[in-house]
Each structure stands twice: as C-alpha cells, then as structure tokens.
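Read through the structures below before going on.
Both complexes below contain chain A, partnered by chain B and then by chain C.
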Partner chain A sequence: MSIDEKFKVETEILKHDVLCMKLNGFLDAHTAPILENAVQSAITENNFKIIMNFEKLDYISSAGLGVFMSFIEEIRSNNGDIKMTGMNDKVFTVFDLLGFPMLFDISPNTDELMTKFVDYDNH
Partner chain B sequence: MPKLNKLVFLVAGIIFFLVRLTGDMLLYSLDMSKGDAAVYWYFISTAAIFVSFGVYFLKDVSNDIVNKSGTSGDNFLNSIYQTFVLSLIIVLLLIFFSFRETAELFQRAYLGIILADFIFIYTVVVSMVNFQFTYKWLWFKRHRLTRFYLFLITMLISIVIANDIAYTFIVNDAKTWLSKISSGMYLIMYVVTFLANKKTAWIANLPRPQKTKFFWMLFLNILIVIWVLMEVSNEDSMVFSNFYIAYPMTISLMAASFVFYGVYLFRNFMSLLAVLPSSVIVERKSSEINTLTYLNKIVAESATNDRKTLLDTVAGLALQACNAHGAWTEIYTNDNNIIGSCINISPPTIFQAHKVYNIDSFFIKIERPQLIESVHEIKELEGLTKLAPDVKSLIVIPLSTSAKREGSLIVFDSEDFSLEQDDLNILTAFGDNVRIALENSRLLHESVEKERYRNELMLARNMQSKLLPQKISQPESYSVSAFSIPAMEVGGDYYDMVKLKNGNYCLLIGDVSGKGISAAFYMAQLKGVVLSKASESENVKELLSKINITLYKNMESQMFITMSALSFNIELNNISIARAGHMPFYHKSGTDIFEYIPKGIGIGLTDDKIFDKYLEQIDVLLDEGDTILMFTDGLNEMRNTEGDEFGTDKLKQFFLESEKNDSHELIDSFKSHLEDFSKNAKHHDDMTVLFIMRDKL
Partner chain C sequence: MIIIKMKHINHNEKCLCTISSSSELEKIRNFVILCAEKFGFDDKESHNIALAVDEACSNLIRYGFKYNSKHDIQVNISSNDEHKFVVSISDNALPFNPTKVESPNMEEYFRQFKKGGLGIHLMKLVMDEIDYIPKSKNNPRNTLLLKKYLKI
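Then we have the complex of A and B:
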C-alpha cells in the first residue's frame, strides 16, 4: 500500500473562510508528515480557522495526536483554532483519555463549531 | 623402464659402435672391406647399434613428461632448438663434404673410415632424436586417433627399413617393386603424420613474441629437412652414396625420421601462418580478457578496499586495456571534487579545468559511457584542450552507485580519433564492474555503520533496562509485580516505585509518545524528574502536577507523556490514584471489575493552569485479595498473527477469571496468557503491565 493509500487529507473551504480538513485512513508516525504538510500549507495561505473531520479516520497514534499540538499555538496566536468533529467512539476514546476535550472543541455538531468561529471573528 | 636400465642400452650402443669402428679398421687392414663377410658385418653391426640406441631413445617415450615446467610454448622452443642445432650440423657436414677436396677425406686410409663411421653414428642419433621429439609432441597433444596413427607410423617405418634390407639382399627384378613399395610407404607416412598433428590450436594462443620465434624455428627446420631429404634421394651424394653398403638401413631410417619430423613441423607451420595476420587482434582480445579477469578479481576483493584505491587501480587497468596515453578519475562531492589517480596528467590541471571551464558539469551530465573521438569537436571541452593539449580524444565512463552519481573515469589519448568503439566497449564493461565494486564498498561501509548502530542500541537497551526497577519495593500488605517490553531495542515506557514526602510508597507508570530512541531519552529524563519531585510531593496529584510543570517547558510541542500514579496510604489504609491522560485503572474485587478514569490531561500538553484545573485524585479502598491493574496502551493494542487486537475486553476477561495468591503469580499467569494469544507475533508498541494485590490473610 503506498503512503497515499494509507492516509489522505481532503481540504474544502466552508463558509466564513473556515477550512475543513477531512482525514481519511491511518494516521501514525509514517503518515503524520502528510497531515503536517497539509496544516503547514493552510497556515502559509493564512487559513487559521480549521475544522478537522475524523469521520473517515480508522486509526490514530500518538504521533498523529502530536501533529495538532505542534501547530496549535501558532494557529491560536493568529486568532484561529483547530476544532474537531466526526469522531467515532474508538477515536473519541483515544482523545478523551488524553484530555483533549479540555484543550480543543470536539463536537459531532459541525454547525456548533462553525458558530464558535463566527464568535471569534466578532470579538 | 627406469632410466638406469635405459642407460645400459646407451652404453651398449656406444660399445657396439666402438666395436664396429674397430672391426671396420680391421677389415680395411685385411683388405676385406668389400667382401661378402663385410656385408654381413656391416649389416649385423648396424642392426645392433640401431636396436640399442633405438631402445634408449624410443622405449616408453610416451611416458616421458614433455612439460616439466613452464608453458608449452617455452618447452617446444627449447626442444626444437636442440633438434634444430643437431640437424643443422648434418646440413653443415653435407655442405662441407660436398666439395671434391673434402670428399677426398673419405678415401684416406683409416681417417676415411673413422670419419664415415662417426658421420654414420651421428646421423643415426639425430634421426632418432628427431623421431623422439616428434613422437613426444604428437603424444602430448594427442587426440582420439593419435595412438592408432603413431602405431601406423611405427609400422610404416619398420616396413621401410625392412624394405631396405630386402633391397640389399634381393635380385634386380624385384628392386623396382621394392622401391615402389617404399615410395608408397612414404606417401602414407606423409598423410598419417599430417593427420596425427591435428591439435595445433595451441600455437594460435601463443603470445606474439613466441609466435615469431616459432615462425623462424619451424621455417628453418623445414628447410633443413628438405635439404637433407634432397641429399638423401641424390644418388650422387658425396656423403650418402657410401651409406648403402657400409651402413644398411641408415638411409631409410634417416629419411623416414626426417619425413616424420618435417611433416609434423610443416603442419604446425601452416597453422602458424594461418593465424599470424590476425595475431595482433587475438593478442589484444586476449589481453582484454586478462584485464577484465583481473578487474573482476579486484571487484571481488574490493569490498575491503577504500574507494580511492579501487579507482586508482581501475584507472591504470583502463589505460592498459585501451593502450591509451593517460587517464584520471574524479569524484563529485558537494564542496570540491576529488581527483583520483592521474596518469600522464596532473591533478592541478584538472582542478583548473573544473573551476575555470566547468568541465566537471559537462562530465556529470554524461549518463552512459561516451566516446569523444576528437575534443576539438566538442565546444564545452575547449578549455580542457587549452590546459591539457595532450588530451585529444577521450572516453568518459560515468561511475554511479544506486545512491547517486559518484564520479567519472576518463581515459584519453594524445591523438584525435585514436580511441575507438572497441575501446568504448571494453571500458563500458569496466564501468559496470567498477559500479558493482563501488556499490559493494558503499554497502559494506553502510552495513558496518549499521552494525555499529545496532551495537550502540543494544548497549542503550542494557542501560535503559537499568532505569526500570530491578526489584520493586513491596509496600506493607501489598504485593506488586510488573513486566515491561519495549517494541524496539529501547522504548518509551516507564514505571517505578518511589516514596512520597510522607514516606508512603507511590507506584508510577508512564508512556512517552512515540517509541525508539527519542522516546527513550524522554523516559530517562522523566525518571530523573520523578525522583527529584517525589520527595517534595504529599500526594499523587501534587506529584503529577510538579512533573508537568517541569517537563511542559522542556518538551517539544508534539511530544507528551501519559502517566498514572498510585500511592499506598498507610495511615488511611487506602490507595490514592491520579491519571494524567493515561489508560484507565482496573480494579478487581471478588467477581466485579471496576474501571477508574480520574480526570486528567496528558503531561506536556498544557501549562499548569489548565493541567492542574482538570487533574482529579480518587481514593480507593482495597479488600484483601483485591487487585489493581495498570498498563500502557501497547498492551490492549497488541495484535496476534491474525491481526486481532488483544483489546480491553480480553484484558478484563482475563482479570476477572484469574484467581491467584499474589501479584507475582498473577503476572506469570498473565505472561503465558499473553504468549498464547500473540503466538510470537511482533508487538508494535512498548508494553507495560503492573499488578497490585492487597495481601490475602
């Protein structure tokens, strides 16, 4: 299986300039650089409002979790954020045990997350 | 027949000859030299001499070793030089005695007899030597039919000699028949000798200087043979006309031997003539093969050589193979190119050519071996011609390994158009071999490096195993057991039993994100921090908080550590647990299993404000026989050979079903349970398991 088949990121611009990143496949130490590149591109293009969609994500390891941590400070200092949605139970458990819900907005409700972004703009 | 016995025959022969000589002189003094008695005397004495010398020279001749040492060519030349000298003397004698004045010597009283006898014995010996020489070499280079042919020839010669005897004793009418038979025998001998000398290919394979010597030896010997045979057939020969009466059978012996010898040499001569025109090319091809063989040997041994030695050797060999004027190798690096051995050109010249005229970028672009027949036709090489006028035509061989383009081998000549396609072909083969050698060398160095790393890792593994407790302190009323397996040589899992400020024991488990060397570093750092903060902390919550404060600033943003802590509170007779992002605790009490997930964020993810805000400490009461299980996620994520995960369900199930007396028994049982499940599948993550059991009374 080539690395592209193992993990893929699909990006889509939603309303209010929010960038939606769909993560598909396996996110581990091998494929983490693909996500890193995607986030780095978003930052370079001044897209600091990102919603990560985990619907099609089958597996995440600590390396994958680390990717969010490495960019979040820069994104938040630019008035943006990474919010997360679409997690299945298994993936959510991984995030939950680590305490990510205390650090990130995680919700199955995409609209709710969008609203939060709008609130940022309004501040 | 051993040599000693053969010598007997030689001595006998010499004695017979001396007897003959004496007898001849006696006959002369009695004036009976022309009588009937003399005829018998001549016949018998000649026969005796023939037999004894014949046995000496020819018995077991096929068993003699031709090649004592050295090459066939050298041995042949040595032997034929001897026969040449011996036969030449006969010719000189023939010339000497061809004048009336010298021939008169034969008429002198006793001197004539002595002279004639010695010439006789000499011709007999030389005939036999030539016969022996030819026989030996035919046998040495024999083929399937050689034995038969040699037998035939021996028969033919015997017939010829017998014929000669008959000729002496028989009346005139039959004489014409006899001479016809004789001629017939000679004719057959020509053919058979010719056929017997089939294997002449070895002459074609001789080096050129030897071929030249061969040519002259064969040519001159053939001339001698012709001379002798002509003299033999000449009835008016000054020397041989006397032989018919005084030395019966000698003329036929000589003629037959020289025919045998001559035809043999003639066939060799023909083969030599056939290959002489192409011998330059054959030499060259032969030399190329030798050079390639030598290079292959170098390639095979090259793994132990450094790159520079290898390239130096290659440059020299390449030069030889093409008969070129000079050569050099260059290796491309990021900074300055390295110039390897230079032959007939100086490194500074090449350096200059690179720097000033960018010759190296021209060479680097060449991906396949290329022949440049004249540098004047290539614009980019103008600079090279200016600096090195000797370089007029060149061949560039790119040298690369699978990793990258390493360098180039350049062979040049001092004349335009003197390097050819043939040269390019052989250098291309070189280039392939050099590539293999470079690749071998690179792989060998890599594997040596890898071996070094592996050894370092094994060392690191040993050292890291010492960071984990060899023996866990057992708090009173509890038994604690553990095992931990890293995924690679070193890992990021941690556990330890420390003492808090109030003296209570505290069991810790931790999991650094990732695995391998970087995780191992953080694990070591974590141990240090734990040891220093434990004695400052009153309880597990405080300990975890202090750990986070220290490490959060010192960790890379994408790194984090999950930890759980369990303290054994002697005063309160309970345990306290806290969890920083780690796996849940499982508590087995009787037939119940409880899962505790105290709130807590992983260490290194956030500063103390948020970390402390969400960190929860829970107190738990353990009954006798109750067991707590702490583990890292390497355990539940472990897969067996079919790819099934062990999972928390199987874990809980095992936990529930186990009934052991203390945690040590429990952990042994768990280990075998795990082995059964995994069936030796490799585990992909570090795995740690801790059991804490309240003592049964």
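Then we have the complex of A and C:
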C-alpha cells in the first residue's frame, strides 16, 4: 500500500477564513510528515485558523500528536488556533490519556468551534 | 523488497519479523490487534496494546536505527498464562531502557509547548507492566516486554 493510500489530508476554506483539514486514514510515524507538510503550507499561506476534522481518521499515535504540538505555539502567536472535531473513541482516547483537552478545543460540534473563532475575532 | 515472516512457534506463541522501517508500523499494529482480540481483549484494549507496540517500534526506528531500514524488528506474542498477554519486541540497536525515562508533567509540557517524548509515556499509561532486558555477551538482542492482564 502506498503512503498516499494510508493517509490523506483534504483542505477546504470554510466561512470566516477558517481552514478545515480533513484527515483520512492512519496517522503514525510513517504518515505524520504528510500532515506536517500540510500544516506548514497552511501557515505559509497565512491560514492560522484551522479546524481539524478527524471523522475519517482511524488511528493516531504520538507522532501525530507531535505535529499539533510543533505548530500550535506559532499558530496561536498569530491569533489563530487548531481546533478539533469528529474524533472516534479510539482516537479521542489517545488525546485524552495525555491530557490534550487541556490545551486544545476538542468538540463533536463544528459549529461550536466556528463560533469560538468568530467570538475571538470580535473581542 | 519487504520481508515478512509470520511464524507460529507453538500454540501460544506468535512472531512477526519486519524490517526496521516506519512503513511496517501498520502491519505490526494489525498483527498485535489480531492476537490481542483472539486472546479476549475488546476492541479498545486491543487498540491500546497495538498503540504501545507502535510507540516502542517507532522509537526504535527513529532513535535506535536512525531510520536505517536494513535492520529487523521482531515482535513476539506469548500468552502462556491465560490472563497475561505479553508482547516482546527485540532488536539489535544500542540498548535504551524506556522504563528509566521519567514521565512528563503534562501541565508543564503544554505550558512550555514541548515537543516529542510522549511515546514512552503513552506506553506506560496503556500497559500494566513494562520490562527491559538489554543485550549482553550471551544475548545479542535487546528485549522490551509489554504486558497486559485480561480482566475477568
């Protein structure tokens, strides 16, 4: 199986300049560089408001979590954020075990995440 | 060419041998999940055991072998005790004992936006016991033992 079949990222601009990244497949040490490149491209294009959609993500290991940690500081210093939605139980367990909900907004409700971006801008 | 050997050593022991490349992680996880489910673990527990094995192998590939895929990793599953599931991962890299690594304080970790070092912590969180036997004069391979008890 080629690496593109194991993991894919699709991006889509939503309203209010929020970029949605739809993750698909397995995010592990093998595929994490694909996400790293995708987030780097988003930042290069000045997209700092990102919603990660995990609906089609079947698996994540610490290599995947590492990608979020490596960009979050830069993204927040540009008034942006990475917010997360659509996690299945197994994927959420990995985030939860390590306490990631302390640092990241994780919600099944994309509208709620979108409202947080808009509210932040209006402040 | 990728060399994969899956041997059934005896009724209670199974072994997967792969090259030391991250492209093999999915295969390793699938192997562990299959064995864990057969042993009686549910979906979530089997996933967590496979996650621990993935983290151990990812660290080996990155730090132990520095992305050189010309080595091999052996993943062995033994279950002689009917409630104790043991995954042993053996390699010929420089010894590194993950049980000696202190777990991070996650509040501090997030406050300082730290990076890396979460794999071993995850391994410890999901497994019941972890042991490490470094290679020696008589034994050319290190062995990491990840153990999980099946709750009745």
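One rule holds in what follows: the second predicted complex is superposed on the first by the 123 of 123 C-alpha atoms of A that agree within 3 Å, B and C clash if a C-alpha of one lies under 4 Å from a C-alpha of the other, contacts with A are read in each partner's own complex, and residues count from 1 in each chain.
In the analysis below, a residue touches a chain if its C-beta (ideal position, glycine included) is under 8 Å from a C-beta of that chain, and two chains touch if they have at least 3 such contacts.
Since the model is a prediction, treat every value here as computed from it, not as a measurement.
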{"item": "Simultaneous placement of chain C and chain B on chain A, clash or fit", "value": "clash"}
{"item": "Which partner reaches more residues of chain A (counting touched residues only), chain B or chain C", "value": "C"}
{"item": "Touched partner set for A:118, first chain B, second chain C, both or neither", "value": "neither"}
{"item": "Partner chain in contact with A:73 - chain B first, chain C second, else both or neither", "value": "both"}
{"item": "Which of chain B and chain C A:98 touches, first, second, both or neither", "value": "both"}
{"item": "Chain B versus chain C as contact partner of A:13, first or second or both or neither", "value": "neither"}
{"item": "Touching partner for A:90 - first (chain B), second (chain C), both, neither", "value": "second"}
{"item": "Which superposed partner A:30 touches (first chain B, second chain C, both, neither)", "value": "second"}
{"item": "Overlapping segment of chain B (options 367-375, 457-465 or 565-573) - the one that collides with chain C in the superposed model", "value": "457-465"}
{"item": "Shared chain A surface residues [contacts with chain B and with chain C]", "value": "29, 62-63, 65-66, 69-70, 72-73, 97-99, 102-103"}
{"item": "Residue numbers on chain A that touch chain B, as the complex places them", "value": "29, 62-63, 65-67, 69-70, 72-73, 97-99, 102-103"}
{"item": "Contacting residues of chain A [partner chain C, same complex]", "value": "1, 3, 6, 26, 28-30, 59, 61-63, 65-66, 69-70, 72-73, 89-90, 93-94, 97-99, 102-103"}
{"item": "Residues of chain B touching chain A in the complex", "value": "513-514, 556-560, 562, 580-584, 597, 599-602, 605-606, 610, 614"}
{"item": "Complex contacts: residues of chain C adjacent to chain A", "value": "22-23, 25-26, 29, 43-44, 47-48, 51, 54-55, 58, 61-62, 106-107, 110, 113-116, 118-119, 121-122, 125-126"}
